[in-house]
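Every chain is named by a letter (A, B, C and D) in the order it is written, and numbering of its residues begins at 1.
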C-alpha cells in the first residue's frame, strides 16, 4: 500500500518539463514536494497566480499572497499574477497541461464526484467543476476504498457529479489505472498489493492484461 | 449654416462634467477642441486608451502611442491603456457616456448608415457597429444634405445599416434634432436657416412644435 | 473629475435593503473591509451577495451574516464559519453555489456587456439543471448569464481620483471583474495617489469603471491559513 | 523552462500553406515585423489572416498581400493600400469584415475557452445575416463564435524566457488577446529579459499562453499618421 506521500510521489512521475500544473487540495498538494530535479514545471493556483513557490519563511507572510487553499505562499522568479477570470480562462482554454484532484468517487467512464454528499453540509465546488470540464489531462489522487472498505472506483458514481467522462488516470494507495472506453485499465500495483486485492477493491469494470508491474517510486 | 467647426462646437455643449466620450473620425474629432473650460471629460480611443491628450510636440511622436485614426497622440495624467477587448468591453458595457459619429444617412427611427456604399470600395466598419449597438447616448454629426442636395435625414436608410434605432440626436449644418418615436424633432436651427429650409431638406418625419430658437454657439 | 468620497459612509450612499452586491476578495484576501464594516453599521438587510466566499465567523462577510443582513449568497465555496452553516441548514439563508470560473466569467460578462456565454463547466452536474445545453466541436456546454449588481464593493491597493486602480498580489482575484460590473462601483484603496502617479501602461482597472473611491482605514488583512517554513 | 527561440525563422517552424493566423497590431502599431518578414521569406501561401487591419502597400501585412500569400483577411477595417483594393475587387482576396469589438471578443473567447457568446454589435445589419438572434432584457443580440488559429503572431515590448510579456502604450491593442488564442503563440519582443525582471504584478500576458518567444531585430515601427503640434 502507498501512503499519501507515496501517491503524490508516484504522480510526480507523470510531470513533464515545461508543464503548467494545477494541484488540488489534499494529496495533490504534496506533489509539489516531489518534482524531479531535471524538469521544471510551473504551478498555477486558480485564485490568480502562476509560478507559485514554497511557503514563506516565518515572519515573511504576506496577507496579499495566498493560494486557492488560502495558505500564505511565495512567488517564484518568472511568476505572474492575474484576476480570476483570466485564471479560469487559462483552465477552460486548455492552457494547463495537468490537473490533479482528489475525489470521493470515480466511475469507470471517468465521471468524478468530489464536492457534495447529500445530507451533509455542502461547502461548494470551488474551481473543481471548471477544472474537470476543461482540462484534457486529469489525474485523480485518492484512496482506493472508503473508510468502510467500499470501493471508490465504481461503475457509476452515487454522489452528485462534479464532471462527466473527464478523468484520465487514477492513482490510489493500491494501484495506478487508466480510464479507457472499456473501464479502468490496471497499469501498476502498489508494493505488497496483489492483482486480486485490486480486483476485490474495484467495483467498476476493471481490465487486467498481462503482467502488472509494481509501482516504482525511485 | 454651420461649418464643421461650428457643428463640433454645438455638440460640445452636450458634454457634461465627468463624462467618458468616444469621438469618431471627421467632425466628431473636432469636438475635443471645444470642451468648456469648467468641465472635465475623458476621451476614449477604442484602440485602447482612456485619457487621450493632444497631439505630441514635433519630435516627440511615439509610434506606440496612436489613436483609432492612427494619428500620433499623447496621454493625459490619469490616462490608462488597455487591450482591444477591454476597450470594447467598456463600450458594450455602457461605461462610455457619449459617442459622437459621422453618418451618411440617419432614419427617423434612429437607424444609422455610415460604413458601406454598394458598388464602392468598402473599407470596413471598424468599431462603429459596436459603438452604435451599445451606447445609450449617440449623437450624429453630419451635413444635412449630400453633395447633390439630397436629404441625409430619411424615412428609411437606403444604404446598408451600421445600427438600428440607436441615434438619439443629430446635429447638422442646418439644425439640431432629437430622434423621437415619432420622428425627428426640431430643436434648434442654424443662424440664417429658416424652419422651412429645414423642412425642405428633411425627408424623414419631422416634428416642428412652437418657436424654434437659433443655435447658440457661445 | 473627482470620484473621491470621504470614507465608506459616503461611498455607500444609496445602498438599500434587498439590493444585490458584488463583494471582492478570495477568502479573506482582498476583501473591502471598510465597506463591510459600514454595512454592519448601516444595518441594511435582505442583501444578495455575489462573492466567492462568505468570510469567517468574526470577519469579512461573516460580520453581515452574524447580523442576519444577508438573504442570499452566490458563491463557489462557503461554510468556513459556523453561523453560515447554521443559517443555511435552518433555511434562513439562501445559497446558490456555482463553479468558480463561471462566477468570475459572469462578473466579467456583466462588465463588458455580454449578456450570455457558453462554458463547459458544470455540464452533466446539478449546476446544469434547467440550463440550455449546446454542443460546440462535439463538446457539451451550458449557457450562463451575466450577473447584475446594484453595487460592486472592491478592495484595491492604490488608486487615483479618476478611479484608476491597481491591486497587489493575489488580492486581485475577483476585484477587477466586479469593478467592471457594478451599477455603482465603490473602490476602497490602501493608498490614494494623484492622477499621473500610476503608470497608464500598468493600470489594472481603468477609472471608467469606477464611480466612487476612497482611502480605507485600519486594514486588518487577516490571514486565514498562516503557512510558513522555518528559516535554517 | 525556456521558450526562447533563435529568431523568427525558428519561431515559425511548422507554419504551412493554408493555415489560419492571428496577427497582432492596430494599423502599423504593434505589428510583429520580424514574423511578417520571415513569412515573406518563407513564401507560405493561402493564408487566412485574422488581423484588425491589412497593413499598407509596402509594410505590415501589405508585404504578404504583395506576394499574394494571403487568401483571406478577417478584419474590421482595411483598404489602406492599393494592392489590397485591387485583389479584393478582382476577387483574388476574400475579405470578411466584422465589427472591431466582435473581432477582439472572438480572439478573447478563443483564449479563454468560451466557444460562443452574445453581442449586440451588428444586430439588424448584414453582419447578423445567418446568425442566431436572441433577446436579453428585451434587447436583440447575435451569437458569435470564438476564432481558431494555428499560429498567433504577437509583438510585445519586453518578455522573459517563460513567455511572460508586457506591451508598451497602444501597441498593446489586439496583441494580448491573440497571445491567448493561438494553438502556437509566437511573441517577438524588443527586449528579452531574465525571469524575475518583470514585476509579477504587472505582467500583461502570463507565459502560460506563449509557446515561443524571441528578441526581434531592426524594428522600423513606422508611423501611419504623423500628427504633431508646434512647440511655441
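Rule of thumb we're sticking to: a contact is a pair of C-beta atoms (placed from the backbone, for glycine too) under 8 Å apart; a residue touches a chain by one contact, two chains touch by 3 or more.
Just so you know, these numbers come straight off a predicted model, no measurement behind them.
J.: Tell me which chains count as touching both chain B and chain D.
T.: Shared contacts of chain B and chain D: C.
J.: Sort the other chains by how far their Cα centres are from that of chain D and give me the top one.
T.: A
J.: Once you find the CA centre of chain A and the CA centre of chain D, what distance in Å lies between them?
T.: 36
J.: Could you state the distance in Å from the CA-based centre of chain C to that of chain D?
T.: Computed value for the inter-centroid distance: 33 Å.
J.: I'd like the Å distance between the centres of chain A and chain B, where a centre is the mean of that chain's Cα atoms.
T.: 55
J.: I need the residues of chain C touching at least two other chains; which ones are they?
T.: Answer for chain C, listing residues that touch two or more other chains: 105, 112-114, 119-120, 168-169, 201.
J.: Quick one: which residues in chain A touch 2 or more of the other chains?
T.: Where chain A meets two or more other chains at a single residue, that happens at 49, 75, 81-82, 85, 88, 91-92, 134.
J.: What are all the touching pairs of chains?
T.: A-C, A-D, B-C, B-D, C-D
J.: If we count contacts the way the header does, which residues on chain D are in touch with chain A in the complex?
T.: Result: residues 1, 110-114, 160-162, 164, 180, 194-196, 200-201, 203, 206-209 of chain D touch chain A.
J.: Write out the stretch or stretches of chain B touching chain C in their complex.
T.: Where chain B meets chain C, its residues are 17-18, 20, 40-42, 44, 49-51, 75, 77-82, 85-86, 88-96, 134.
J.: Could you pull out which chain A residues touch chain C in their complex?
T.: Residues of chain A touching chain C: 45-49, 54-73, 75, 81-85, 87-88, 91-92, 111, 121-130, 133-134, 160-165.
J.: Can you check the complex and tell me which residues of chain D touch chain B?
T.: Contacts found on chain D: 26-30, 52, 75-80, 85, 88-89, 97-105, 107-108, 119-127, 157, 168-177, 204, 221-231.
J.: For a test of understanding, state which residues of chain D touch chain C in their complex under the given definition.
T.: These residues of chain D touch chain C: 105, 109, 112-120, 134, 136-137, 139, 141, 145, 166-169, 201-202.
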